[in-house]
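Note that chain A is present in both complexes that follow, paired respectively with chain B and with chain C.
After this line comes the complex of A and B, so read on.
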């Protein structure tokens, strides 16, 4: 009764539960796979691009975890934020199958150098991301609430189009070699994916989710707008720098990105300080940790631009942004929203909405948080000391933590699937 | 968050007032844990006083207004699910709130025994958890919906009626 009526009515703004939860459950599986593949690879410190297990692990994280959660969360949360339901829900289900299948094929193809699998996976993922972009654009077009968040969505979608186009070209270029500068396009693909698509989405969703969790005032829209304008400017400068080969354009790019980060972190700090809810739990330790890594990433960015003699700064920069910031942030948010959403669908033995604490097992999540921190530190140490063994020990810690986290996500997801039944699962 | 319409703004202010009580209770539970607190301690006494007086009033009045006046409006506009879900949460929160208020009054009069503290601690912890999640849902979903749905006349009528009953 609870979940079915709250989420099942087509006129309501929230989706059938099975749709976001299948994205979340799949992301948990890909999270485990990413660490497992990195554990099998020993060459992360020497990574300079190119096919192999490291590239596969990176895409298992970016597509399998980050994009997967971004889609599930966007399909569920955007209609609430924009006060507009999704036009149709079946394309969201189609997105899921195309993205999961495509990511498996793409990662396998990258790890094994199998062009057919890689290109098929790239096509499948491209279609999934384009469907996502279309559905999201349609929802944002009709948005009536929170214009700053909607604007973040638009910028993320613009970046996504660049990411998708470059990704598809890069995949086919491995076989056919038609790009003039594969390395430069790969760099742009990475920058647009991490900062343009996922980064801007993270900034935008933070403006609604963090105040909601902390029961705080939402930050003034002009600050969110300034944060977005600076982030957009940074993206334009770095895109220009890569496409034109004019290296000094990276400087205004990183300056704008650092300013956007400063405004973002100030807003988040203010939200938490003025929030009525003070005890925010383990999930916010992950979220706060992710915020700490952002300035570290920019310091590494400066080291790269100044060409300072710091070992492996580019790989370290990529790792801090992808794992330290985005992954850690997203795991913290997911840990928080999964029980929140699930509690709308599951009733306890007395027929009452289940308590979120009953859906949040403390031990596995504490184990995960600890091991995730250890994994990040050891992998970074391995990267900077150029030690494949240290990276592998870190990956082993990450894998163990990921298994604990996956246990939590999948067990809650199964409870939701059981509670809502197969009817809504076909969404 | 602030709202243009008076009705969601009044509900938002109720939420703020309730969270003050909930936070005071939460801090009391966190500090005392399993050992029963001294009710003559100023902070404990204040938290219990708030729990004894504010919760019942806030919950009963606020919930009735939502159920009788607002959910029906939403249902007429086609948003059936949210009202049904929040009603279910009200059903779980109301008896808990009354139980915590009654236990707080008893504690203020006679102090806690080990058993009464244990019962109070469990009920208050459940109330805190349910109430925080409930308020988060209302702040994120219900109040923005009302902001969008209410025309100025209906808003004035509802908010005036609610404010006078408060």
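After this line comes the complex of A and C, so read on.
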């Protein structure tokens, strides 16, 4: 007997290509926009929060790129990993429109100090993230196997609830001023977004994706569990520190976070060392670079806690975490999964699947990787030397690299849209 | 590194049973076995679901798959090199 129901299940888990690729193409556009806005703004080294182009650029990256890719990738990869299809696909499409439209409005409102646009954008983004959380929670609830990865997903979703609640309150607080301590809530919003939501999601997905790319066995679940427990503990301590104002609570928080990072990096190192695939390509140069920036972030965190006389350590810390770690990691992963997913949807003139390697143009990706590295270094130098000009030169490099990356993402996405469009047109 | 799953040889070639393994272990087992098989060899995979993410990796390595009749609860694939 042919395992008909099993085959049907498998196809159900593969979303229509337009859904994930819409998210990926939009993320590439927001990536370009984020660098463009940062190029126009020269005040990143002086950033202490508040409305303006820097805050807009940050949200173009966090919502437009990180959350956008996290959604697109989760909607596509999670059902395959958990062996449970998404309950419905239309909410995923709705998420896309709400998140992309909301991010444009929010970023415009932040850059221009336009409350109506900012609050409308915040509401739209909040709804998108809540729909995403509901769909993901429903999928995780039905997950078979992978308990450690699913547990990472649950912690990320809990953090996401805090992020969206605080984000919405902060947006309206700019106009109405009802929060007792806007800056503290902004700090908590940032910590939960970067470490709680995106960070834990990155740690969890790494446990599946890195072994898959390196063709290695997955790390022992107890290590993944310990990594998550420490990350969760760190989140509880820093949340307690911000809410209570008890500064020493940051210390156990950063200690737990450093321990979680150590376990994570050890596992990743072990996976790569024991993997059958040794030549991992350009995408892994980005992923490895992102891992190098994590200990640097914690060093800067210690500098901040010890109140050492290091110029602009808080801005440097935020930049290293957001751009050095999360963005670099995610760009590396995206660069690897886009050709992988696209090759399942595109066939050549002989009806054969197009190879992943034919969908991975070397030159634009090499240009991007090089310029991304230059951009991170120059922007960091600009932050520490308090030079707006250096940041702008870095942003110009970042923008040029982002254009090369967007060219890759959009060209592959268009091939997918054309292939799947013509398939539907042909019935 | 030992490959996950059960691997054995029969007159028709290698067989791999990856049922019950979690992602990405089935893919690791299958692609790892492919590296060891000679030019005319075939691999029969006993799976509990269709491994849709395996196909791009197979194509990249010059392999093709076909799904054949199997027992209830099993998806059976025959892997061969592309001509």
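FYI, the second predicted complex is superposed on the first by the 410 of 427 C-alpha atoms of A that agree within 3 Å, B and C clash if a C-alpha of one lies under 4 Å from a C-alpha of the other, contacts with A are read in each partner's own complex, and residues count from 1 in each chain.
Convention: a contact is a pair of C-beta atoms (placed from the backbone, for glycine too) under 8 Å apart; a residue touches a chain by one contact, two chains touch by 3 or more.
Just so it is clear, the model here is predicted, and its values are computed rather than measured.
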First (chain B), second (chain C), both or neither touched by A:172: neither
Contacts of A:274 with chain B and chain C, given as first, second, both or neither: second
Touched partner set for A:352, first chain B, second chain C, both or neither: both
Overlap of the chain B and chain C footprints on chain A, listed as residue numbers: 1-2, 6-7, 9, 11, 13-14, 80, 83, 145, 208, 211-212, 215, 217-218, 276, 340, 343-344, 352-353, 355-357
Interfacial residue positions of chain A with respect to chain C in the complex: 1-3, 6-7, 9-11, 13-14, 80-81, 83, 145-146, 208, 211-212, 215-218, 274-276, 339-340, 343-344, 352-353, 355-357
Complex interface listing, chain C residues touching chain A: 1, 4, 22-25, 27-28, 31-32, 35, 48-53, 55-57, 59-60, 67-76
In the complex, chain A residues that touch chain B: 1-2, 5-9, 11-14, 80, 83, 144-145, 208, 211-213, 215, 217-218, 276-279, 340, 343-344, 352-353, 355-357
Chain B residues touching chain A - in the complex, by the definition given at the top: 1-2, 15-16, 19-20, 23, 26-27, 30, 78-82, 84-85, 88-89, 91-92, 126, 129-130, 132-133, 135-137, 139-141, 144-145, 148
